[in-house]
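What follows is chain A paired twice: with chain B in the first complex and chain C in the second.
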Partner chain A sequence: MNIAVKSPFEEKKANKLQSTRIAGKLVNDYWEMVWRAKEEGKLVCWYEGSAINPFLEAADICWVHGEAYSAMLAARHQEGTAQRVAEERGYMRELCSYARTHLGCAVSNQRLRGDNAGATPDEDDLTWKLPPPDMIISAYAYCSTGQQWDEMTSRVFGKKIPIFNVSLPWIWGSKPDAGYLRGQEWEETSTYVERQLFDMVKFIEERTGKPYPWDRLYSMMADIRRASELRLEAMELCTAQPAPASFFDWVVSIAPINNLPVAGVKDYFETVLTEVKQRVKDGEGAVPDEKYRLFFDGIMNWNKVGWLANKFAKWDAAVVAGRYTHMAFWQEPSLIDPNAPVRGMAQNYLICPNNHAAPILIDLIMGLCRKFKVDGMVIHASRTCRAFTNPQFMIADTAHKQLGIPTSMFEGDVTDESFYKDELLNSRVEAMLEAIEHRRMVHAA
Partner chain B sequence: MKQHVMGVDFGSTTAKTVILDLNGNIVSHAVAHMGAVSGNGVKQSMKDALDAAGLTQADIGRTVSTGYGRRMLDEADKNYTEITCHARGAVAMVPGARLVIDIGGQDSKVISVDSNGLVSQFAMNDRCAAGTGKFLEVLARAMEIPLEDMGATALAAQEKLKISSMCATFAETEVISLLAEGHPKTDVLGAVHKAIASRTLGLVGRVGKKGPVVMTGGVANNPAAVHYIQEELQMPLILPDVPQIAGALGAALIGLDDYRAENRQLLISEAEDMAREEQMAADKACVPGCRGVPEFAVDPREKQPVPGKLKSLVGSLQKHF
Partner chain C sequence: MERTQIIDSFAAAARDPLSYAKQWKARTGRPVIGSFPMNFPGELAHAAGALPMILQESDDPITVGHGLLFPFYCGYTRSMVDQAVRGDFDVLDAIMFGDHCVQLLGAADAIRMQLTNTRVIFFQLISSMCDPWTQGRSEESFAKLRAELEDFAGAKVQDEAMHASIRLFNKNRGLIRRLYDMRKKGIAPLGSVEMQHVVKSSMVMDKAEHTELLEKLVRIYDSAAPLPARNVRLHLSGHFCQAPKPELLEMIEQCGVTVVGDDLYHGFRYISTDVPEQGDPIAGLARWYMDRNTGVPCPTRVQNNVDWDAYLLNAMRDEKAEGMIVLMAKFCEPHMYYYPEVKEAFEKADMPHLLIETEHDGMALESLKTRVETFVEIVKHRQAA
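Showing the complex of A and B:
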């Protein structure tokens, strides 16, 4: 008898979209630009949550999105130093790991550029490289950590950084006329946020000392609207069987739609759409042998994107849609009027998928599951992102009752991989696939 | 064709093996306690089961593994998750069961089973070993009491104490604190088992409470765990004779299905075999009723194959080819 450790995943790999490789270059170019910002004399704004970056880019302010930097570090497996530095500073492991990683970067930055200036930085260590902020704008939907994170950042930089807060109220959806993008509450909340965005622009003008260049914003928002339409069209094509692209391809495409310079975004999604169309025409799938179609509920494990893409491919499981990718990031382009975009921008910030009351949220998710004809749902319960995790039992229960599909939950995290346990994911997803298989056999009989 | 199949549950703390004959009867079973995902443990349990059945591995037509070490077993032809196998095994032990509570060494799981005996929904413990066999092992060590005596001791609890921690290590700290405060072991152990029950009920809530409920896994042998879970659940638990082997039994039954399907043509009954021969003879006979030996010729009008059996035979052949 020979007991030997074998890898269960030896051969198949995800058939990733080739065009998404461009995203890697765009991301690298963007962060290089950020790291040079101070040398180029630019003002720098740190922000978290909502994609207010077009407001900043139009005003020629360098924008630094906290989650994006943490996610980038995790994707490059360079998040450990920042997390350790944050913990040394006193931020506990249960704190949002996006925030913890980013705060670690702020602390490192201060050590090397600020209070401990003179220390020799390691050029390969990205932890300290962010340019310190000249301003902070806090515009976070639903997440209670967001504003505190910005306050903590301000504290790290000596409480000298001006902060502007945009309040994005929760959509209760409880009035009789309430629903997705409709009702009195929706209109009033949209107006409330729109007004704050105009105030935010005044704050930007105070910082730059220049009148706000509205024409540049209008032009950028026209491009973002088009990029969003292209992205949604490509995603919609994944209703095809086999699905030409997977949730993981759309994860890789988050940075282009969410926080990269607007100039390259339309071209990026045109290229992606062209490839997706070609794949549909050729019957080429995102996994070599699509046998199961799954919905992914939950935020991404950024240090596991490729790992998970390959793992699901080896299970012959195409993850065809997800809450994170399909319900966020300029998700409703038709709301954006390029000649008066601010209200539509406010509305897109409000429809962050965590910001809806459960009935609206769950209804949207069930709609996606039906549209993409999924066989099951895999749920990532992120240990330090409770905002995304809160409704997941309700989502699982509704999927089971309304759609009759099995669900499988695993615990992980956005950027702290110590919370991820591979064998638990394997057992749970495999059990769900076995249940799907048995149901098929029963139906066939 | 071989006459037996094997299911092996390569668990985190014990290894279990079940051998079935081709009618699905348990011929032998064995449980070996040999440490975490132990190669020695699984070898021992397989050997014990084979010895008890008077067989060797060469006599086994299909071996299916399950449990944390399921992919590590070279003898296994296939492997399935413990969720699928425990559900299958538990329903075989308790026909009609709709909910399976399985508490093993490293995990606890609650599986909702549909009317076909298939997994409908499941929930498992996350984060740590709280509420599992490992949790009991850690606390038995902390309280210096043999693991097998824990349940009986806990049933004598008088005062209701509370262990609130979700973490096995911190629960150990709580236990030590309660003992240091002078609480008797019986009461502290009562609280330990109550904590397991409330953790289990949380999982039941996630898949939906329904009965009949069967409990499997090593912790089903612990009378206090059963008592407190029943109390929380407010429903009776049905306990199989050997609750630890549910996973291995499920694996063996899946192996049996597989082996029978693969050898369907060899599994026809004697009557079907006779009907087949007669049909072939009828098809080929140059002399009516001849089956190659004219003097034994039977007039086919006197002995026609039974239509139902013929249909079954044709179906069998169609499936085979």
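Showing the complex of A and C:
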């Protein structure tokens, strides 16, 4: 008889926030709503990148966020079909896997709903299930790939769908007055984007044939502003030792702040904040035994969220903050004036975790590392998301030089699991933790 | 001057643009401005008294640059960073660019961090080409560039100077387009490597000097009669920021191919469109920027009302090309995005094409040759059928 003996080490798991379970339910409800949209006679808008969803939700348009769909498929390990369909049409493996997965969905949607009559869709296969768009809005900060992805989506649908492009320039910041949220370039760029958002509203009005309900947008933005403040307050509490929540909890909380119906969002973050506060009071950590505090640079590996959370927990490493989670998603609520929110919305779109050039971006990251008192940095070099990998060597270098902390880099990807290299992650993170130990010994001596 | 001598001068500048820049600078005492492809208006920098030079991928293997950019970036961006770290760009007084391909942005950031004494100027060009405000926004971007140039040069860039530069650049483009036309008709039997030398040197040389040589070259062919063509006529497509390697082009032609047209950036794409010579020069440059994309659509821009695939099929009809070889620089995302559209359109139009992915660090030319030979056979059989 074989008796499986579990070592205590194997049993260490991430102590996830209980409240993030609600996010799972909200996400499911959102997609159910999306899948029903056509039956309910709603107009459907596809978009990626910037959170323009309040503009759409206020106008009663069903908003379909591309990355969110790809991420959801990957998190449920159902991305394979979409990626295969995309590959069959000629989209190559080195293309952004978010886009590739989503384009696979578009292609298969076209095939099953379009000309290829006779094909019977499999109800359990989510690849084809998105309602086809009545309009596309492209508003992608920094990454040229985002805008091209939208254009190609429109071409997959035979260019029959009206498309509106919002251009979000990169903040290069070379002038003496340049900095985070300041300087002439920042103000001019904000004005340029604000102008385009007003034009985008006209485009929406043309589609709905109704005057735009500004009041609804105002009240939604008041809620989002509040939700964002609650989220940031809860994140801030993770400076506590042990950290009550981890980067992975904040990853799970991206959808609520970024693309779920506004109505439930404030409540969600209120619940999260309450739990985080309680944990701080109780000294309860996001990992059972916090020995190390790490910063996570890079986009998420959506097929691996739970897996990575547990892996770091086993190493007694609390991943306390990250570029992806802590530098985006209505990150600057104070810029949003609920009575005139458009400029503040434009400005929040300009603050994606990549849209400031390296000097400003790296300064912000170093600030977070100091604030959260990290001992090291783990860097996810996502093979097909170059927007995130662009500054990573410079980030690592600055972390060594300015903070004196070790870093470790591993290869993975946003939604294409085949790029993920587990052994590399293991050996490099272990080496980094050893380096941290060594540093501590030297300091103690 | 002989044809070979002219081509050799072009080839020398094309092969080693930075040495050319050093000599030019020593000779003139004027500044050299490097730019990234593909939409920098060299006319403006020229009018400011500088030598505008489109920075070129180097043949050298990537060494020190590995520490700044990942290997899964296109060869152009990796080579740019590598050259910057090695100090090859010391001759440049400034670097300016307006294109924002995500990989290029990564390279630009890394280069700025490296070259702390070189001014790196960015003026983001709108890449959405058919918005009501595209012209206006492009004008704003070019006006910003003009202001930056004035600040850099310490003097105003006058309209008259800009008009003169525009005329010179138009003349240069026009002459190269004539060569393209002559090649298409079989009057100018220029190989694709020679054509690359012509265009690539135009990207880096003093425009007046280049134009003078071009005029001589065009004159040589002016009275020539068309040569009988025996080879398979092909169009070369793709390859944006970097020039395809000459050995690859030679290999293709050795397979019984005559290249009769292309839309390579180091080819027709670069010289396809002129800037209006009348009126406000900044508005003219904005017009040029937009016209370029309707002239030869580019996958790095988005424009719902023009199709690169349709353009290619039309161009090939005009060139009487029987097939197309697509040269795709590995990891070039804009190209990877658009390729399925081209593939589908070509399959629908029953026009054969062959996709070749190119790499910075060496390619297995022998196995590629087999693929090209097979492709050429297919095209020949179709003709015979």
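As a working rule, the second predicted complex is superposed on the first by the 436 of 445 C-alpha atoms of A that agree within 3 Å, B and C clash if a C-alpha of one lies under 4 Å from a C-alpha of the other, contacts with A are read in each partner's own complex, and residues count from 1 in each chain.
Everything below uses one rule, namely that a contact is a pair of C-beta atoms (placed from the backbone, for glycine too) under 8 Å apart; a residue touches a chain by one contact, two chains touch by 3 or more.
Computed from a prediction, not measured in an experiment: that's the story for all the values here.
Of the two partner chains placed by the overlay, neither chain B nor chain C lies in contact with A:Gln78. Once chain A of one complex is fitted onto chain A of the other, the partner contacts of A:Ile163 are limited to chain C, with no touch recorded for chain B. Legend: residue contacts after superposition of the two complexes on their common chain; A:Thr271 is shown touching neither chain B nor chain C. By the touch criterion stated above, A:Val442 is placed in contact with chain B alone, chain C being left untouched. Contact with both chain B and chain C is seen for A:Phe393 once the two complexes are overlaid on the shared chain. In the superposition on chain A, A:Ala381 makes contact with both chain B and chain C. Considering which of chain B and chain C touches more of chain A, the answer is C.
With both structures placed on the common chain, the touch criterion links A:Asn258 to neither chain B nor chain C.
With the contact threshold set out at the top, residues 381, 393 of chain A are in contact with chain B in one structure and with chain C in the other. Across the complex, chain B is touched by residues 1-6, 8, 381, 393, 396-397, 400, 406-411, 423-424, 427-428, 430-431, 434-435, 438-439, 442 of chain A. Residues 89-92, 94-96, 99, 138, 142-145, 147-152, 154-155, 159, 163, 165, 167, 169-170, 172, 174, 192, 196, 199, 357-359, 381, 383-384, 386-387, 389-394 of chain A touch chain C in their complex.
Interface residues of chain B, counted against chain A in their complex, comprise 39, 42-43, 46, 57, 68, 71-75, 80-84, 116, 118-124, 126-127, 206. Across the complex, chain A is touched by residues 67-70, 72-73, 100-103, 105-106, 109-110, 112-113, 120-122, 124, 126-128, 131-133, 137, 299-300, 302, 304, 330-331, 333-334, 336-341, 343-344 of chain C.
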